[in-house]
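Chains: A, B, C, D and E, in written order; residue numbering restarts at 1 for each.
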Amino acid sequence: MPLVFVILSALLIASAVGVILFRNPIHSALCLVVNLVGVACVFAALEAHFLAVVQVIVYAGAIMVLVVFVLMLLNSKTEERTLSGVIQLVLSGIIGGCLVSVVGPFIIEQWPIVAREEPPISGSVEALGKVLYTDYIFPFETAGFLVMAALVAAAMLAKTKGGDPNHPRISEGKNDGTIQAGGEQ
Amino acid sequence: MMTDLPLIAPLLVVAGGSLLVLLIDVFLRGRWPNVSASIGVLLLALVSAVVVAPEYLSHGTAFSGALFVDPYTSFISALVISGSILCLLMGKEYLEGEGISEAKGEYISLYLMATAGALVFVAAADLITLFLGLELMSMALYALCGAALYRSASAEAAMKYFFLGSFSSAFLLLGIAFLYGATGTLSLLELASALPESPTGLVGIGIALFLVGILFKMGAAPLHFWAPDVYQGSPTSVTLYMASVIKVAAVAVGLRVFSLTFGGAEYYELWSRGIWIAAVLTIVIGNLVAIRQRSVKRMLAYSSVAHAGYMLMGFLAPGEFGGGPAVLFYLVAYAVMTLGAFGVVMAVSARYQDSPDSDDIVRFNLLSRKRPFLAALMSLFLLSLAGLPPGMAGLLGKFYVFNAAIRAEYVGLALIGVLGSAISCYYYLRVIVAMYFVPSPSQAGGATSSYEDDCGEAIVAMPLAGTLAVCGVLTVLLGLQPSALFEAVETLFPPNLY
Amino acid sequence: MDEQLLFGTFPLLTTLIFLPLLGAVTLLFLPGERSSEQGEGEGALGLPVVVALFFSALTFLVSLVLVSRFDPENTSYQFQEQISWIPSLGVSYILGVDGISILLVLLTTFLMPIIFLASKSVREGRRGYLFHMLALETAMLGTLLSLDLFLFYVFWELMLAPMYFIIGIWGGKRRIYATLKFVLYTVVGSLLMLVALFSLVWSYAEQSGEVTFALNEIVGNVQLSVEEQLWLFAAFALAFGIKVPIFPFHTWLPDAHVEAPTGGSVVLAGVLLKMGLYGFIRIAYPLFPEGASFFGPYLAGLAVIGIVYGALVAWAQHDIKKLVAYSSVSHLGYCVLGFVAMNTLAATGSIYQMLNHGISTGALFLLVGVLYDRKHTREISAYGGLAGKVPLFAFLFLVFTLSSIALPLTNGFVGEFLILAGSYQQFPTLTLVAVSGVILGAVYMLTLYMKTMFGEFHEERNGDLTDVNSRELMTLAPLFVLVFVMGVYPAPFLGMIEPTVAQYVKDHHERTMTSQNRSNPRALPSGGIDFARSPETPEVESETAKASSGVPSVLVSTAQETLVQQVSS
Amino acid sequence: MENSLTLACIPLFPLVGALLTYGVGKSSKDLAGWVATGASLLSFIFTLLTFQQLRALVGAHSYEVAAAGAHGAHHGGEAQVYRALEAPLFEWFRIGDFGVDFLFRFDSLTAVMCLVVTGIGTLIHLYSIGYMAEDESRPRFFSYLNLFLFSMLLLVLGGNLLVLFVGWEGVGLCSYLLIGFWHKNIAFAGAGRKAFVVNRIGDAAFLIALFLLIQHFGTLDFVALKAAFENTLASEALLTAIALCFFIGATGKSAQIPLFVWLPDAMAGPTPVSALIHAATMVTAGVYLTARMHFLFDLTPYALLIVVCIAVLTAIVAASIALVQNDIKKVLAYSTVSQLGFMFVAAGCGAYWVAVFHLVTHAFFKACLFLGSGSVIHACHHEQDMREMGGLLKVMPWTGLTYGISTLAIAGIFPLSGYFSKHHIVEALSHSGETNPYLGTYEAAFTAVITAAAIMTAFYVTRSFAMTFLGSYRGHAHPHESPVTMVIPLVVLALLALGGGVLNGMVPFQLWLGHTIPVGHVHSSESIGAALLHSWPGFVGVAFGLLFYTVLPQVPKALATTLPWMLGALRGKLYIDELYGAVIVRPLEGMARMLWKGVDQRVVDGCVNGTAAIVDVSGEVVRNTATGQLRHYALLMFAGTVFLIAFYFAM
Amino acid sequence: MNYDYSAYYVLLSLVLFTIGTVGFIVRKNAIVAFMCLELMLNAANIAFVALSRRVGNLDGEIAVFFVMAVAAAEAAVGLAIVIALFRNLETTESSDAMELRL
């Protein structure tokens, strides 16, 4: 178990670092895919098999496809490394380090390693489904509605100019009411 | 399970209505009164909320502990729905411009979805539902912010709101995970009893992360950065929704969680210091930066940040100190006056929508001459925001909040609050200066005549005028008869008996 | 008809407060704003002014009824009304009037019709002007009459907005700066007051278990530690001191005065400034006797600085209004000094002087307004030799100038004399300095008079100047009459003030003593010997007691000792 | 005490007259003068009536009693009976036990003052009709004059110090108005302001005295105060302080060092004003006050010493300045200052009645002199420089004659009125050591100085007479005798100046005053020879004056060339105005400007605006955190979150 | 005998979360920032699953399920927003969108 954990951790951290450090977005995306699969492995290692499957399907199968698609569509370029970017990295790294070093000890303290007889729960489809459709029926429905909302939102945002060519904003010149310099009062 | 359905009738009406509006719109493509229909839906929701209100006296939960059924929920839900109605009424005409008209069907559908999300959010009795409600509300809002499809500012606002919102949600989520890990439950009620006697470090961190999520939605420092940009860039009809309804929801949830779930004395010790510093930062930053703004929308955004700070003051005086009711009173008063203020900004900037500085303070010049009643109402709202009579609602709001804070012996915080409040007078009054004191070009000798026709015009449609009038009346009445509201909200506390 | 039946339960004070507001609302519903403002002759007042006049005159009449039915010998609050407003926090709508406030009420209602008569000079948007003035009257009366701390606060703050608009809309060139300063100064003070208010109320609630904002219940019953009293008093004193204004918080005043339209200046000088001192009288002193006795000497010192400083700075002014404004700083210094001295003589004089200042300075502002309406400048150097051209104006200006410099037989003298005579017993050295204000007052006022009224007349510049017209005369005549009535026969006025003040002073000293007995060891300069019992002047004791007709203050500043030593050496 | 209706009427007439005059003046300017004069005359008549009442009250027989009382009082015997008429009008104000009534009281001292005020006032009103005949605003002038009479009457009739103070300030006001009567000339207006302000300085001290009295005695009524003082245990320091405060007040009103500077400038007013206000009545108010408060001064020998010192100094300094003035009115003005010094010398020696006596005689001859000078000025078309006059005796015989008589009177030549009063002053001074040990030390020196001042007095008036009336005319106008309305007062006053001394001989002036103030020994009349001998300073002065300005005009010229600095200093009025300007006025002005520009605008307002600026700048600084960059916001939010966790929640 | 290493999983999640946060802050490209958000959500998910085992109920795993739904929704909305941004500004770099500031 610890060995699996160590390997997975290394994989996850490495791929995560890859996501943030590769300058080419496609490379980042590929690292993310690795990471997501790694997470699925973690789920599996934690005996949440259903979640592991869902993870692969939803993330690698749906979300990542979408992401890569958009990446291609928008033709994202390789990011240039700038000084301000490095400063950002250093600063956020320091703060992140603080976060980990502050919270980490508390995590260890909160959940000390204990021995236990058997796996307490079963992350099986059956068990999950039971809870999901009874106790969590309302959140479940809400989640469904949420996805619905997301679709509507995406649909609205993706609308193009073609909808109404005579819209005033398109036909008229812009900024005719800009205030001249000279300030208030 | 099914028996609980009537309890969420308002939510069902809003959610169903949103889908129905969308569906009809697909076929009729905006050639039908979809806004009015949505207002109807919301009214229906309000009616149903009132109808089911007696059921909510029971202090229980519904759907296996997913939703609270208590007067607090009922009241906040009604408030959210009423606020949504007012916002929609105000923005009715506005929606024709800003490029929203093309996607009006989706816009309105999303608007109702956001309201539905807010209703879930405020009623949520477990952390998962809470998170989902928050995300539902936010998701719809992200899109609404970008509803002005061809305005880059709108897209930028949507982008910033989305990314920062999701960012903070992630923190919230991590916080939920920690709390869950520490207590083994996600239910807000069970959490309260399952928390260790004295907070362990990780529980503290979980609470902090949860607070971060709430502070973000409230627009409080140090997580306020999105608020000015998003308020400014979004279509004004969305801005006022965010400034009123969303803030109401966030504060209401925060208030409930912090006074109910984390209400124990030990835990109060823990988070009170954090909220104290957040309140101070919020008040100071909000007020300080607001004085440097030219865009009235942005200024009001910072002002709403500052007001979040005053509300946080009330968080610090839970229970017998009366902070809870004070915050709710403040919330209502704030919603009314800020709605009014943004409504006027909407009316004024409507005429200059093409210009990036459509809500520049110069646009308010001469408003008192060309639109005296609009200017008078704006003055009322601004004075109220500043806490000066005759803006009685704001005054009484401050009265209650400061009162509670001082009663809980936060005198230093109260002093910072009043100093901030004094600073706030400066920027609120600047708008009044523009509306009233700036000389007309004829007086000024024609030197500034270049923008004579450009200033002080406003487009005020009937619904907007009516809503503004309602807000104006409420602003005064809430102050003159505060007891009616205050005593009502007092009965809501504690938010749930257990 | 039976009086009891007529007035017994009639809410006279509420009527008084809200009549002007009713008038303001009525104004909003008047038809045809534009047509009524244009095309009116010089003689016609216009409908809005008539309406405003009507309501303010009615208010004045009501206040006269109030005065006529007021019992001067009854030193408690009269005509009390009480309605619960915010029961959960013990806030009530309590009104009442006593000898201290009644004449200030009368002054307020008296000045208002005059201001409306003088509102002719407001050319644009006169209706709004009248609206704000009437609203302001409501706020001022409310402040004077409320006996609930929160109600007081609300009315106190309510005074701000109308005045802000009056200066801001109808003011001079730098009005935006002036209004901003005015509002920010005041708001800082009053918000601190709000915090102090809550602290006080909760301290009291902890003792008595009852949450109340009612002044009467808290005063005398609340027991605060000395430290608390000092802090709370300081907060209140800041709020009130800014309003008075006490040096060094006075710089908003000249700006506000200079930029304000005539009516605004009149009401600002006439009534608004009084509110600061009224706050001290009504709230700060009764609530925090310890704080008062600690800060009293400092306040007196600041007041005296204000007297001399205001006078000197007034002397250096080039702008007539600014000069009069600084003279207000000086005059209000007298009022504060008199009150802080806390004996019947000075305190009565102080309240009387508040009335006087309202009348004489108000009249001076009206006169400046007359000049400004005609020549649109307030520069002293723009005028000169007007006495020959506009004799009536010169005469009236002279009379009010004399009233302002407290010439005997004008109202100013009585007040100033009583103040100085009384405060001398408490703060001899300070009063000696204050007396120099008497000289300086003559210097700057007569210099102003000389430079404007005497000397060479600029024919080409001021040749078209016309004398005071009948309408302006109508505004000034009542003030003119009062100057002499109050100067020659002040007895009826003093008679209304004095019993209450005497009781007030007595109560105050009792409170100070009891609270000192309760918590004696502390960092107060309590060591001072009683001047009256100083060994050099053994027979003086009874005289002092007689003169101050109250218990001589236990707290005697060390300055007093020095004087005794000086005199005796 | 008895109430008297006529008493209340005395000041009423001038008050009504003042209002009426102004009203009448609108229609007829000439009538105004007559109305005013009538009012003044009525007031005089009522004064006489009241005087008769008082005499009846005191009773003819009581002269002896009073005299005995006077002796007694002086020697510590039984107290004399104080009798007076009263007119309590109303209670002015009452605060607790301290009350002030608006009360008039008419006793023997008041009677004298009242007679002088209304009598001379009437004459000067009459004179003014002629003098002001061509002035456009004469109604205003007469109105002011009447107002002045009213105030002056309040001053002398006031039964307590506060009513007195009303008059005290009132006369100051009228003086201000009348000095600046020709206000088109800003210098004249400035002179008025100067008079008022300098007077105010004295008034401030007066007020302080009142405060001390209120604090320690609780009353301001003269009778009550007198009673209180008779057996007071108050410390001498306190009494001295009060007395000195009163005296400072008196120096203001009565133009003593150091506050005398306003009086010469006050000559800017029309000449009748100078005669009435700045010679006969108002300026003597300080003397009156001292006499009135004798019970206080008597208790404070130290204060009396200071009074005498100041008075002697004033007398000699003013007289020496008067020696070289060429403006006829300036000569008389400094003469007035000097003569007031004489009066204070008497008062300071405790011989209050002598002071009052000199006050009366001085009123006669100085008023006459002033009116004479006015007549001359009038004749010479408002020329005031004596070097432009000369030989006027021929064209203006009446004026010349009356001026001459008054000259002799003021010079102190027996048997003219001036001799009697002046002689008593010297007399009192030389005996002052008997009662006041402080004075005893300096008695001789004071006597010498005052005698020198008397010689100078005689010299400079003679000089003015000689330069004006003798020799030949040096001016360019066409002088002529003044109209009859101006001559009559001159004659009457000259007669009074001539025979005023008889007052003491035939009417027992001293005894009469003895009803009110201590009068000391009743002086037996002296022989004519002794009297002539005693008037030697007058003779000397007159002789030298005549000699230098008629026979030997080269002597003063030679003196002027040999002692130019002295002449310069005296001509320049010892540069006292300049000194005050440099030491007091200009520093104060500078301070005022500094306080305004420096303190008020820089420091106080600077703090206010600075605070605002700090808030503004910090707003700008904080505002810069809003860069608009998503990444920056995220960083800051992250930082904020970690900050909250690290410092507040992780425990 | 099994040992419960939940703490280490949570620690891992914390580290991943932090890396995601840092990436979110550092990267200009909006799509990459979005990917970092996904990293953060995944990290939280790991914590949920690990803690779910630890506390012995399924609530944590259910939560993960919902988070995935949310993530999917976010993907839809977020990418649509990025497209909208691109349409207006012709860029996917968040740093180019700074019209709203100060």
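We take it that contacts are C-beta pairs under 8 Å (C-beta built on N, C-alpha and C of every residue); 3 or more make two chains touch, one makes a residue touch a chain.
Everything quoted here is computed from the prediction, not taken from an experiment.
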Lowest number of touching-chain links that must be crossed from subunit A to subunit C: 2
Joint neighbours of subunit E and subunit A, given as chain labels: B, D
More contacts between chains, A-D or A-B: A-B
Chain separated most widely from subunit E, comparing mean CA positions: D
Central subunit by CA centre of mass proxy: C
Length of the line joining the C-alpha centres of subunit B and subunit D, rounded to whole Å: 78
Centre-of-Cα separation between subunit E and subunit C, whole angstrom: 65
Centre distance in Å when subunit B and subunit E are each reduced to the mean of their C-alpha atoms: 26
Length of the line joining the C-alpha centres of subunit B and subunit C, rounded to whole Å: 43
Sites on subunit C at which at least two other chains make contact: 176, 184
Residues of subunit E whose C-beta touches two or more other chains: 6, 10, 14, 20-21, 24-28, 30, 33-34, 50-52, 54, 56-57, 59, 62, 66, 70, 73-74, 77, 80-82, 84, 87, 94, 97-102
Contacts with two or more other chains, residues of subunit A listed in rising order: 88, 92, 96, 99, 102-103, 106-107, 110-111, 136, 139, 143, 146, 149-150, 153-157, 185
Pairs of chains in contact (touch as defined earlier), listed by label: A-B, A-D, A-E, B-C, B-D, B-E, C-D, D-E
Complex contact set, residues of subunit E against subunit A: 1-12, 14-16, 18-23, 25-29, 31-32, 34-36, 38-39, 42, 45-46, 49-54, 56-59, 61-62, 64-66, 68-77, 79-84, 86-87, 92-93
List of subunit B residues in touch with subunit D within their complex: 159-160, 163-164, 167-168, 171, 199, 201, 204-205, 207-209, 211-212, 216, 221-223, 225-226, 228-229, 270-271, 273-274, 277-278, 284-285, 288-292, 423, 426
Contact set on subunit E toward subunit D in their complex: 21, 24-28, 30, 33, 94-95, 97-102
Interfacial residue positions of subunit C with respect to subunit D in the complex: 181, 184-185, 248, 250-252, 309, 312-313, 315-317, 344-345, 348-349, 384-385, 387-388, 402, 407-409, 413-414, 417-418, 420-422, 424-425, 431-432, 435-436, 438-439, 442-443, 446-447, 450, 453-457, 488-491, 494, 498, 502, 536-540, 543-544, 546-550, 567-569
Complex contacts: residues of subunit B adjacent to subunit C: 368, 383, 386-390, 392, 395-396, 398-400, 402-403, 406-407, 411, 414-415, 418-419, 421-422, 425-426, 429, 432-433, 436-437, 482-483, 486-487, 490
